[in-house]
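Order of writing sets the chain letters: A, B, C and D. Residues in each chain are counted from 1.
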């Protein structure tokens, strides 16, 4: 039944599945691997699944295009949770393969830049070919198509391979961020360490408008966590921006900034307010003076008194 | 009775009285000259008068300190109307006085810079001494204390003098702005060509804070008509600013800017929203795209839908 | 000999080669296809080639990661020319293949989103597998590994294929931008329609710093053509930005903005000033008042006089 | 001889003279009181004096109009020194006068607001009339025209009066700032605690332009000490601004900000760079990161290398 099914970018044995399983509720959901991010997300749109789970950003490679494009286009979805997972690779081989035997390697295209240096140093002659996923690469090694696959060490058992080398990662502290999306609904209540995600389309003059966009946040004391450009497909130089801002839409400074953006930008899509992974409420500095909910309320009361001649 | 009395900075025969009489309702009010701006304004505060009328700004000399100080300090008052009056002076003398006889001249200190060039050229030897008002200067000439008084030509009859020279003004197009103040109350309804007046106190770092102040207006598309500094008296380098902004507090962009100022500034005093003298609604350009009331309402509705999962 | 060799991302028959051949000087250069963008660029770094040519941005997919990463990392290179090429695909098949026979298709990963809709509609069952390049996809079709390859129609003859369908493109007006890079040197002289490319690294607080970055341009009246984020690999939320600004580093407003960025940003890499493809000098609006070279010179002279007591 | 004469706003016995005498070089100059600020300043313009000394700002009343107007208009002069003097008044009377005998009081108009509260409390019936200066008020008391004069206690002896009450001041810490002006010349070398004074005229849209003006300073990390509006006399709503900024024109961040202002503003007048009174170099925080002279030089060198292909 849909209310208990979460789809994710499969196949089984990927980092995505590993990340999804860190969510407590995953234990009580039917976890269904899908062949693509669009397929996983469309299952939510059509009501066949309650949630879909996919990587959205990698600290080495940046935004995951397929996921971002599903959130910026198509029928609206919202983000309800995020998960951070450190990424290190194992080189999985058929039992008995030695490092010297490895002439062809595979893995998801996103994995390549994270193992590039390691390859250059340890297997300079090895030829890389991309696979649809790290787990799919493991399957292709199982089938003999390639000699080695870069994947999570947890994928070895699933595919009857063995990890020849583990803990491979070019960039220390490589981490991938995953999101759980669902159909639009009320965001969870603020926790004190929340973030709000948006997609913002700018008009023709995007760089000038970008300054205006940032000022809408700055004037209300809303810090941005990140901002990333994505082409809209409408022509060279046309971008939309995905923005993660500190705070929850239930906070007035965030709400006012969002309304400001809505007014000056051709299009804004609200992707949700949800708890920040890896950040405790005690880590979050207080709002800049003058931007707390209490400050907004006091100012609104002052204005009402002023308009009423009771200032 | 107080509801029908308007006080003004007297004595009779000043530009202030002339400006006050341009208001249609002046015909049905008891117009009472007072010895000082504080006296005129205090009569309103105490309920002895419904309104007080005084100059607030001169295009040559700038802000009229006494009026501004009454509006920034003491019990709050609000501005309900403004009047613009072109200023030209007559040199009033006792009948029979020739220009060559004029050795001492007087007038209000604000008049001096407006007749300085004329004096330098036509009466280079004449000694200027300030009077409490232009009309008081006329009285002192009547009494023989000075030889000539600079005042409005309309003051001649009142004081039994004659205008020896008329249309004296150093700066072409010199104009004085007057305001009618009353006890705090609801502003008149928007006319489409309104202005909103404020006094804004900044914190310790006033020049940096001034940038923040201007950004609160700019981000909401509210143009300023003028901004002027006034020392607060709290020490060298401490200023408050009097600000006239385009628009009416009943407009959302103005209201949001005011609330923004209230949040970031130690103190804000709302001095009222009232029709702009000399500006017709058809002269006022439409609000910047994204800042009309309709845009604010549409953005608020979008946010409400978003928060409710109906985006 | 290196001075006459240009490398490009091969193999032969790609859009890259087609774009490169639009450069007049290509006729007199030895054009050498390379297996990867790093290989093409390293040939320039090592002196084996005078220039390297590669796609840097696609109007549908955005920045080409491999090219941008080569420009942001490694030994510095500079951009000397850009080329815009409209992109439409042909479906290349072995002679005799009918549309109904096509079960597997291939092409460069960047091609996929540009043919996705077409595939969904016309070949919904076809399985996509990525190839190293569009031309390489054609080769694999030739070898019988796949049934169809998406590539430029000009690739058909080279690989003994025939175009079954032509003019395939999901987004109208899809265009790819290519750059010719070389070792650092003096930029070409300004043409009146130039752009300046930079990579800018921001400090820890990148969204706040982004506002500062944009203000360095804005205050000098330098418009941005585009700005794109790229992760630095140093951790989640760490980005550098590639920026294309209007104007030439030989113009003072551009030079002052660059120096401003250099001062406030941890690292700035100058990627060159070069003519804008598809923009004539007559299309370029004049600089904002106060930002022409003449204005800068006049201001510098005024300051010199002022410092010398001759103001 | 002119090189040894300093003029000041007389007569003798004013705060101005007291402030001037705090300058070490005053001991070796001929100090000549003048009847007005214009007269004092014109003596410098005509070469009859090497310097002129006058109050420019009072912490209670704000800018001293006459002095500011002399600096913003007429032939250019420059400020070379500033002096801060705490202001407290004595009530000077003819010997034998008791407080109960004082019915009329006088003093410079600027003194009035500083003794207003004291008067209200101690001499509520006393009538104020303004004198040309505090010392002139003392003279008029000597001559019997008024009963008491507010002036510096040091004026008592000069005019044969006695101080009936001393240490009168409404605002604690009232202080007046004086400047020594001379003909334009090279500013003194930086001391590490300097200020730079300017007059800046804005175009038609002064409030919008004011934001631009402040941004020219902000983007270069130059803090403002104060900014004050003055009407230009060209019509209602037309202002120029007098600005005191931290730093010396010999510092590159200040110089670049000045050139930026010169480019965007219709007119800028440089009034000099000179040591800040009451501020030691050790009190001055270091420039914001990226805005020291070393940062400017490093950025200029980087740009030169970049333009030369040596980045």
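By definition in this document, a contact is a pair of C-beta atoms (placed from the backbone, for glycine too) under 8 Å apart; a residue touches a chain by one contact, two chains touch by 3 or more.
Protein identities per chain, from UniProt: A, B, C, D = Prephenate dehydratase.
Note that the coordinates shown come from a computational prediction; the quantities given were computed from them, not determined experimentally.
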Rotating subunit B so its CA atoms sit on subunit C gives an angle in degrees, to the nearest 5, of 180
Taking all residue numbers used at the subunit C/subunit D interface, answer same if over half belong to both copies and different if under half do.
same
Where the centres are mean C-alpha positions, what is the separation of subunit B from subunit C, in Å?
59
Per the C-alpha centroid definition, the whole-Å distance linking subunit C and subunit D comes out as 57
Centre-of-Cα separation between subunit C and subunit A, whole angstrom
26
Residues of subunit D whose C-beta touches two or more other chains:
215
Chain contact topology under the given definition, line, ring, star, complete or other?
ring
Which pairs of chains touch, using the document's own definition
A-B, A-C, B-D, C-D
Within their complex, subunit A touches subunit C through residues 57-62, 65, 69, 84, 109, 113, 130, 132, 170-171, 173, 175, 177, 205-208, 210-211, 214-215, 217-218, 223-231, 233-239
Can you list the residues on subunit B that touch subunit A in the complex?
76, 78, 183-187, 215-216, 219-220, 249-250, 255-256, 258-260, 262-264, 268-270, 289-291, 295-296, 298-300, 302-303, 306-311
